[in-house]
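First chain A sits with chain B, and in the next complex the same chain sits with chain C.
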Partner chain A sequence: MGKELKLMKGNEAFAEAAIRAGVDGYFGYPITPQSEVMEYLTAEKPHERTGMIVLQAESEVASINMLYGGAACGKKVMTSSSSPGISLMQEGISYMAGAELPCVLLNVVRGGPGLGTIQPSQADYFQSTKGGGHGDYHTIVLAPSSVQEMYDYVELGYELAFKYRTPVMVQSDGAIGQMMEKVQTGDQKIRLTEEEIIRNCPWATTGKTPNRERNIITSLNLDSLVQEKHNIKLQKKYREIEAVEVRFEKIQCDDAEFLFVAYGTSARICLKSIQILRAKGIKVGLFRPITLYPFPKEPLYKMVKNVKGILSVEMSAGQMIEDIKLAVECKVPVYHFGRMGGIIPSPTEVADFLEHQFIKG
Partner chain B sequence: MTEEIIIAGFGGQGVLSMGKILAYSGIMQDQEVSWMPSYGPEMRGGTANVTVILSDERISSPILNLFDTAIILNQQSMDKFESMVKPGGTLLYDPNGITHHPSRKDINIYRIEASKEAANLGLRKIFNMIVLGGYLKVKPVVGFDNVIRGIKKSLPERYHHLIPENEKAISRGLEIVEVVQTV
Partner chain C sequence: MADTITKAEIINPENLVYKKTSMMTNNVLSYCPGCGHGTAHRIIMEVIDEMGLQAKTIGVAPVGCSVLAYDFMNIDMQQAAHGRAPALATAIKRLHPEKTVFTYQGDGDLAAIGTAETIHAANRGENFTIFFINNGIYGMTGGQMAPTTLEGMKSSTTPYGREWQRMGHPLKMTELIAQLPGTYYVTRQAVHTPVSVRKAKKAVRTAIELQQQNKGLTFVEIVSNCNSGWKMTPVQANQWMVDNMFPFYPLGDIKVDGELVKK
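Showing the complex of A and B:
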């Protein structure tokens, strides 16, 4: 199938991108606001298009363990869920990080804690960027702020997941998942053959051949010295990711005296707030982290000398602000503005906070 | 050009699909578009609304609290969205079931008897297309041809035989929209 221009929901774009990226298997369990991912996949019958398997597992715990199995065989595997479902998967994600297995996960975040609401939120920042499950690990976290990026980050996610043999989390939210925008799709990729997988993933359990040792996929090391060696290897990998894979976008930052730092839906809201504030002569820009882990520390630090203050805007009680403060070493005032429980702040609300409470307060 | 629109009414009136057709029409005209529905618990309670943005530039926030145009199809939506029209903006409404008519003096107000007209024609399902016609008369942000192309893109092929009927409804809407006040 060739390139197409479509009007799609973020969730649908993610699903279409999965088919076109040549994903081998999707294993999921429905939850609002991301159920359209599996709905779209089942309606599209990807088994007929590419041979991709789509399976509704009996639970989130089952689906993440199906990912473990598929990834261990070198397959491109995927799941998607929303906050409470992702919490259920954390044990499996930790195991996959420990066993160095690639996969792409989508979290369409909703308000929490607990079952919370079904409305958009960004309160899973800590969970996504600081590990989420147990043990010393990170997942790479990509934060789309448009439907097009929901599409694009599937391909990018697999590139990074296989390059570093690590789970990659796409952290979206209910607004980006549910809204429709224009999407430019890419060409259909053909799924890898068994021979290609054996060649690309020499670590995978593809069947032992006489000229090599057995491949063992496990996160269990009863010998602590062996485990520590493994930990050091993982940490080396994370340092490399932090050095090489930082992604971000700067908008209207050149003459900015104040800076919004925001990702996903909040970044979009801030763009409107910037229009409102600039019309009043207040010079504001937006720094948008695209990778939440690795957080773009150095690029943000470099901007400190030009600005009077930073406002972190996030639909949470203030989670990303911790990374911002570490990045700028508290050289300028950093404040947080956000709404919780599934409330999306309005552009006027954000602009008013910056103007009246932050600048004048 | 940037046009920020809220369409609000009851579930089943075709609010979301009208927004979708408008968004597709924008794509046909090479515009940037966004379509943000209400999907929360209010959707289960009967009211539905969608924010549609058409623009020649990259779209900033898909979620807004001030609109260039509000298309209002029931009283609850009138209560909620009348105050969110920008000064000098436009409010288009169907008076059917409206007990408190809009009272602002700083916006353009138009009315369209779309549900009455749809009932007269015996075609309840094209109600939303009559409203769309009224909107296009007031705010010709997309060309008629592109709207028809938008409908074609938006409807599955098995419904394409209904396109002439939709086209007729849009034309009817263009005719029957009335000015209440302009500023």
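Showing the complex of A and C:
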């Protein structure tokens, strides 16, 4: 199938991108606001389009462990869920990080804690960027702020996941998952053959043949010295990711005296707030992290000499602000503005806060 | 002394009556002496060897004493989180229908923390084989009560014996699994005597053969001992197993060719 221009929901774009990226298997469990991913996939009959397998698992615990099994065979595997389901997956994500298995996970974040609400939120930032499960590990976290990016980060996600043998989380929210925008799709990629997988992933459990040693996928090392060595190897990988995989966007930052730092839906709101504020002569720009982990520390630090203050806008009680403060080393004041429990702040609300509470306050 | 055979004569090829299968590695088993895990490993690997399946087999061992099965089984293997082996195996087999896939799970793993994964894989009729080692206890963590612990049986968390009123009844997972239309062959075996080992091996082979015919889930329970957890010598443990485990967990086929065996 060639490139197409389509009007799609964020969740559908993600699903279409999965088929076109040549994903081998999707394993999921329904939860609002992301159920369209599996609904779209089952309706599209990907087993006929590409041979891709789609399976509704009995729980998120099962689906993440299905990813483990498939990824350990070198296959491109995927799941999607929303906050409570992602919480259930944390043990499995930790195992996959420990066993160095690639996969792409989508979290269409909703308000918490607990069952919370089905409305959009960004309150899973700590969970996704700081590890989430047990042990010292990170997953790469990509934050789309449009339906197009929901599509694009599938392919990018697999590129990174296989390059570093690590789970990659696409961290979206209920607004981007549910809204419709135009999407430019890519070409259909052909799924890898067994031979290509064996060549690309010599570590995968594809059946022990006489020409190689056994392949074992495990996160277990009972000998602490060996386990520490493994940890050191993982940490080296994370330092490399932090050095080369930082992604971000700067909008109207050249003359900005104040800076919004926001991702996903909040970044879109800030764009509107910037218009409102600039009309009043207040020079504001937006720094949008695209990788939440690795957080774009240095690029943000480089900007502090030109600005008077930073406002972190996030639909949470203030989670990303901790990374911002660490990045700018307290050289400028950093504040947080956010709504919680599934409320999306309005652009005026954000602009008012910057103007009245932050600048004048 | 003239008629005793020498060591050199014994190792003559024509005197060879038994040889360790090359599908078992040379690593020293981590199991307690007398434990059934080692024998269960061996018969599975002998079948893989005899059927020439090494290059086609992917094994999954979750958490339990057999967590290190990958050190002993000479095939590609995945280590799973506690209870989750059937989820891994589901994906492996769906993505590699031509491979032989099995899980090797303890009773805590399969019948407690992994009940959902086990039942749903069985109910979907996934085409892999589950080897279920039922020793009525949590061996690895030091002998706590398992779902399979018999009534009255002592463990480190039932120091006065299991009372069903407070601790629930022992769970017959294998009978439960056999009820599901997704399972094709369900059997209960043991490995404590040469005869039982031969029978168990035959069951392992049947399960693997049926898996190749895509008939649905095949399930082999092996009632085993945990002499360390039971605080017995290996000989006492085997006798205790015969006297107490077998009456509650009777050996034999439970489902054959997709039909429950009438008793």
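Rule of thumb we're sticking to: the second predicted complex is superposed on the first by the 361 of 361 C-alpha atoms of A that agree within 3 Å, B and C clash if a C-alpha of one lies under 4 Å from a C-alpha of the other, contacts with A are read in each partner's own complex, and residues count from 1 in each chain.
Quick note on the criterion: a residue touches a chain if its C-beta (ideal position, glycine included) is under 8 Å from a C-beta of that chain, and two chains touch if they have at least 3 such contacts.
From a predicted model like this one, the values you see are computed outputs, not experimental measurements.
Chemist: When the two structures are overlaid on chain A, which partner does A:S346 contact: first (chain B), second (chain C), both, or neither?
Modeler: In the superposition, A:S346 touches chain B alone.
Chemist: Quick one: is A:A43 in contact with chain B, with chain C, with both, or with neither? Answer first, second, both or neither.
Modeler: neither
Chemist: Which partner, chain B or chain C, touches the larger number of chain A residues?
Modeler: Between chain B and chain C, the winner on chain A residue contacts is C.
Chemist: Once the shared chain is lined up, is A:D24 touching chain B (first), chain C (second), both, or neither of them?
Modeler: So A:D24 only meets chain C here.
Chemist: Would you sort A:I269 into first (chain B), second (chain C), both or neither based on which partner it touches?
Modeler: After superposition on chain A, A:I269 lies in contact with chain B alone.
Chemist: Touching A:M180 in the superposition: chain B (first), chain C (second), both, neither?
Modeler: first
Chemist: Figure out whether A:L326 sits in contact with chain B (first) or chain C (second), or with both, or with neither.
Modeler: After superposing on A, A:L326 lies clear of both chain B and chain C.
Chemist: State whether A:L7 touches chain B only (first), chain C only (second), both chains, or neither.
Modeler: A:L7 sits against chain B, while chain C stays out of touch.
Chemist: Under the contact rule defined above, give the chain A residues that sit at the interface with chain B and also at the interface with chain C.
Modeler: On chain A, the chain B and chain C contacts do not overlap at all.
Chemist: Quick check on the complex: what are the chain C residues that touch chain A?
Modeler: It is residues 54-58, 60, 67-68, 70, 74-81, 84, 87-92, 94-96, 99, 116-117, 120 of chain C that touch chain A.
Chemist: Help me check something: in the complex, which residues belonging to chain A touch chain B?
Modeler: 5, 7, 32-33, 117-119, 174-175, 178-182, 265, 268-269, 271-275, 342, 344, 346-349
Chemist: Any idea which chain B residues touch chain A in the complex?
Modeler: Counting only chain B, the residues touching chain A are 20, 23-24, 27, 32-37, 39-41, 59-66, 153-154.
Chemist: If you look only at chain A, which of its residues touch chain C in the complex?
Modeler: 24-25, 27, 53, 55, 57-59, 61-63, 65-70, 72-73, 75, 77, 91-92, 95, 99, 205-210, 214-220, 222
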